[in-house]
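Below, chain A partners chain B and then partners chain C, in two separate complexes.
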Partner chain A sequence: MDPVLPSQSATHAQAAAQPVLQVDDLQTYFYTRIGLVKAVDGVSFSLRRGETLAIVGESGCGKSVTALSLMRLVADPPGRIVGGAVRLDGIDLLGLDATAMRRVRGKEISMIFQEPMTSLNPVMTIGRQISEALMLHGAALRKRARARTLEMLQLVGIPDPMERVKEYPHQLSGGMRQRAMIAMALACNPKVLIADEPTSALDVTIQAQILELMASLRHKLGTAMILITHDLGVVAETADRVIVMYAGRKVEEATVEELFAQPLHPYTRGLMRSIPRLALMRHGTASAGRLQEIPGTVPALSALPAGCAFAPRCAFASDICRREYPRYEEKRAGHRAACWHSDRLGGAAHG
Partner chain B sequence: MADTAITGQSPGATPVLQVEGLKKYFPVRKGLLRLTAGHVYAVDDVSFAIGPGETFGLVGESGCGKTTVGRAVLRLIEPTAGTVRLDGQDITHLGKADLRPFRQQMQIVFQDPFSSLNPRMRAGDIVGEPLKLHDRRGRTARRERVAQLFEQVGLRAAQMDNFPHQFSGGQRQRIGVARALALKPKLVVADEPVSALDVSIQAQVINLLMDLQRDLGLSYLFISHNLAVVEHISHRIAVMYLGSIVEYTDKATLFARPLHPYTEALLAAVPVPDPAIKRVKRVVQGDVPSPLRPPPGCHFHTRCPYAEVRCRTEAPALREVEPRHFVACHLR
Partner chain C sequence: MAVIDHKAELSRAGANVRSRAGAVIFFARRYPLGAIGALIMLAFVTTAVFADVIATFDPLTTNARASLAPPSDTHPLGADFMGRDMLARIIYGARISLAVGVGATLLGCLIGTAVGLMSGFFGGWVDLIVQRLMDIMQALPLLVMALVMAASLGPSLGNTIIAIAIPLVPNVARIIRSNTLALREMPFVEAARAVGMSETRIAFTHVLPNTMAPLIVLATAQLGAAILVESALAFLGLGVPEPHPSWGRMLSESAAEYVRTAPWLVIFPGVAISAVVFGTNLLGDAVRDMLDPRQRF
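Now for the complex of A and B:
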């Protein structure tokens, strides 16, 4: 290794500070019989190298469609990415043609899904599925691919990899299937890994195993990750930064510590207050009796109210909320939110 | 609230539900002649009692048999062995006709509000159907009662003529609750009633169930995999693993002083929604073994960090380790 010159180390530092993924004003719309559904409506964010960014929200908030848009996997029709840019190391993925995108997908940016049983091919052995990804991307020839597959299975903690490569998905347990999928997603050493509810279909003890595995892999490989989930517990334990989405838009963004200590959007605070917590999470205080509810339900994306989409369910809502969508702005250092009344939300999340 | 929990076990009061030695083995048939090749030991010797106005939580991971317990209690499936007493009456072997009056007193709320409501029936008819079968009141009286039930679960009576697809997930679960309440049951088996709902809606349904219990004196058998939800709503809790109860006590004790290694592992595995709390996690390794071939001795020994030689051969019995705290472990 050559000694690193000062100028070189400066450019290295610069490269490290540059986001690996930059999403600007992403808009993904669905053209359906009931009308235009703006599933993702102007979402922007950046992802740094080695960082874990969580996208949180309930069903229909647009978090999964955001992920599929980054992978260019939105079914067209009815869906279409109508605007924005997704830059992976400076290259706009939305501008690539189908062939060029296929070379990027699974190699530079890959994804793991919630239910490994439906996302693995049931009639192909685990080993073939992983080496297929490697061979397609020219990462390795057959023999080398096989060795790499075994190496990956070992890395994700699958016992007896020599035996397991010959097995089919149905022969593995849910946790082992999810490990196999992680091995496949990471086989080409991607820059960005998108994990869409990776542990939601698993039992808690298995979930803990997979989260532990993902944390250790992140430490070993330094892959940047977008974690999509509805589980605030998983967010608190894995993410560095968090984006909260509601009805197709970003409503809040902050570091994980800041967000849990002082949420600045009433929806975020409502979510945090509505989940029951184990005694050990409440610092031993007694159970609170009634849970705080968020009244009402998530509005249909095809019939969003004027103004702030959360206003009909919000205790702080005033006339301006019902008239005008709040600006998404920096409320505190590194903490952004879209709410007219953030200043009235003082106090901790679960006071 | 904690005091009512004790009533379930106090010697004077008759428990609403008493289950003793419940077993359910499902045969596994193979080959052309469908010969029985083995059994799935879904529930293997489970006993517990639920008092009036009490919520009894049954927790465990998928395949531990918690749902099978719920269904066997309601006689939706026939138990292989054991007795189920409702209000002191043995209902385990009652025939269809004799069972009918008891069916009114025990109802169920299902997990998935999307598949448990007939999409072709109006919401009001779904809620009114048990009344039609059991109550035999006239149409007008029935409609009145349904309207009352709608209000009780937080729906508007005007929504009675809508179809299930016109309701949101949370509202659909309210319809399921209203249907369960139609015959004024004493016992409601709630099988993962909030697991399919969004986080912001879960709290609404949990609060509804707790309010109804307070107002109507219902007893709940509350089945869930979510420890935080079970802790919030239950008075007493049993933890199941591979068909058996491994620990059984009131909720304060269970969460403050879990004694079974599996309970300990479950609690450690729940992700804490607070980045300020840093725990050293001890993640239990391995998978749940197949209930088709449960390991000999203590079923948990294959994953237990403390397992000794004895655990591999000898099955531990559920013992009262301290007053009203039952644990099935050799090491306690």
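Now for the complex of A and C:
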């Protein structure tokens, strides 16, 4: 078993040292019949050891493609990573050849998917699937792999692991399958875990359990995590820092506390306002009680407007927004956003 | 409203099945025709395997005095014009049928699976060329194709197996390819990539095992066809050569000359062929029903 890091090391203070993952100006384009789709257009961020970074946005904003790009699993054709760098501990993953990249996947950087129902092979026992991932990276021979598999199943809170290793995915519930997926992803003790909507397909009570599990594993193993989600509730509960993406670009970045206290992009504010809130609905005024959606839809990525991509849906939009893309700049300490009118946003989102 | 007997319902659903024997009985009740098919196949295989124990006569020994003997105590199914015991020949003939049927089906499935998996998983121009080849092969019916193959390869047991196996390849390749195409897009394949598995390894450990259910269904269905084609080839003199007893050739030797004077020479091999093909079909249908995912619970 790998050494378990002291639980405190995973938190902010010490982790600030150096980033484990550094993404610079990542560009992933899709060449399709309807034209060039810039699914990820110049996204940069860094991830510190043991940190949880959330990437939020509506469907189609490029968050999943960002995740797949980090793993270099974007289907080609039609997709291609056309620019940027993804440095994992200083090594640029985009420069590796296919064989070297395969050695990184699952060992240094792992991923769990949205659909626990179909992400496990139905004709293979979960024990075999996990130990296979282990043996693939030479982490262990068959016998050691078995022991490690049991250990991982126990770690992710699957009861009676001795029996469960022999079971097939259809014999497990959705939550148990997601636990098994997590066990598989973490088996080789990767430095970075990417979780793409890990709880979206689960029902609410199970969601909470899985999030709790992921948080506790992060403390135990010190794995840095990128959490892709559209659920701001999940973000508030688990993330340290948040990136908000819109139409393939990063529009805002801040710590969770800062972001929820003072969103500096109208899109972020819109996202927060569209969360149903029980207290307000019960005895708020008519306008506060109603759920506020963001008007309009995400523009087609193949035909983005000239200026700010959010301008057509934005209440604050002015001429400059439609003309020029706003600079992405530090508006407050550690809080960056790309908006011409951040200063006009003032006041908390949760009014 | 009728009173529901929960215990009876449960036992009908198989809830009380504990032992392996219990499971056999349970499935025999659920698929009675399949059970009959299985029994026929069991009898067929046992006969083939223990032919030398069961048969009282040597199938190749001629006896002038017994020529065209009608069924009697010594020769229960009669004897052919060379005086060879029909029962012994039919018993030994099961060996040929079994060897050719199983051999050709296995060989055909093996080649077909390899071709289909490669074609479906890697796609591209390999897929295009392979599929057009399969189209050409499928343009000819199984029997005609086997006939051409057998005629060009020459008569021998091995060649007969090959001649029947090759025409089976396109059917198998088609099924495996279409399943592979669907499986290739499954999230668990993506998940396997995400743990760093190579494409070839994904094809063999994640895609191939998932195509086995339809393959088993197809293989049991093809077994009957293979046995039938063997008989047809033998009937036309292209099958397993003399002196090995083959049901198809036993028919062809006797059909023209003796069908009136010694009908047992035609009836018994015919019954044997029909029974075995009937058995494989019943079994094949039951296997298909059992493995059909829509009926699994």
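The rule is simple: the second predicted complex is superposed on the first by the 326 of 351 C-alpha atoms of A that agree within 3 Å, B and C clash if a C-alpha of one lies under 4 Å from a C-alpha of the other, contacts with A are read in each partner's own complex, and residues count from 1 in each chain.
The rule is short, and it goes like this: a contact is a pair of C-beta atoms (placed from the backbone, for glycine too) under 8 Å apart; a residue touches a chain by one contact, two chains touch by 3 or more.
For clarity, every value in this text was computed on a predicted model and none was experimentally measured.
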Notebook entry, point to check: Once the shared chain is lined up, is A:308 touching chain B (first), chain C (second), both, or neither of them?
Noted result: neither
Next item on the list: Once the structures are superposed on A, label A:204 by its partner contacts, choosing first (chain B), second (chain C), both or neither.
Entry: first
Note to self: Contacts for A:184 in the overlay, against chain B (first) and chain C (second): which applies, first, second, both or neither?
What the structure shows: second
Notebook entry, point to check: Of the two partner chains, chain B (first) and chain C (second), which one does A:155 touch, if any: first, second, both, or neither?
Noted result: neither
Next item on the list: Using the touch definition from the top, say if A:105 reaches chain B (first), chain C (second), both or neither.
Entry: second
Next item on the list: Quick one: classify A:119 as touching chain B (first), chain C (second), both or neither.
Entry: second
Next item on the list: Identify the partner contact of A:251: answer first if only chain B is touched, second if only chain C is, both if each is, neither if none is.
Entry: neither
Checklist line | Partner with the higher number of touched chain A residues, chain C or chain B | finding: B
Item checked: Interfacial residue positions of chain B with respect to chain A in the complex -> 61-62, 168-171, 198-204, 206-207, 210, 225, 227-229, 231-232, 252, 255-256, 265-277, 281, 283-285, 287-288, 303
Notebook entry, point to check: Which bits of chain A are touching chain B when the two form their complex?
Noted result: 58-59, 173, 175-176, 203-209, 211-212, 230-237, 256-257, 260-261, 270-272, 274-281, 287, 290-295, 297-298
Checklist line | Residue ranges of chain C in contact with chain A within the complex | finding: 186-188, 190-198, 205-206, 209-210, 212
Next item on the list: Going by the contact rule at the top, pick out the chain A residues touching chain C in the complex.
Entry: 71, 73, 102-107, 110-111, 113, 115, 118-124, 132-133, 136-137, 181, 184-185
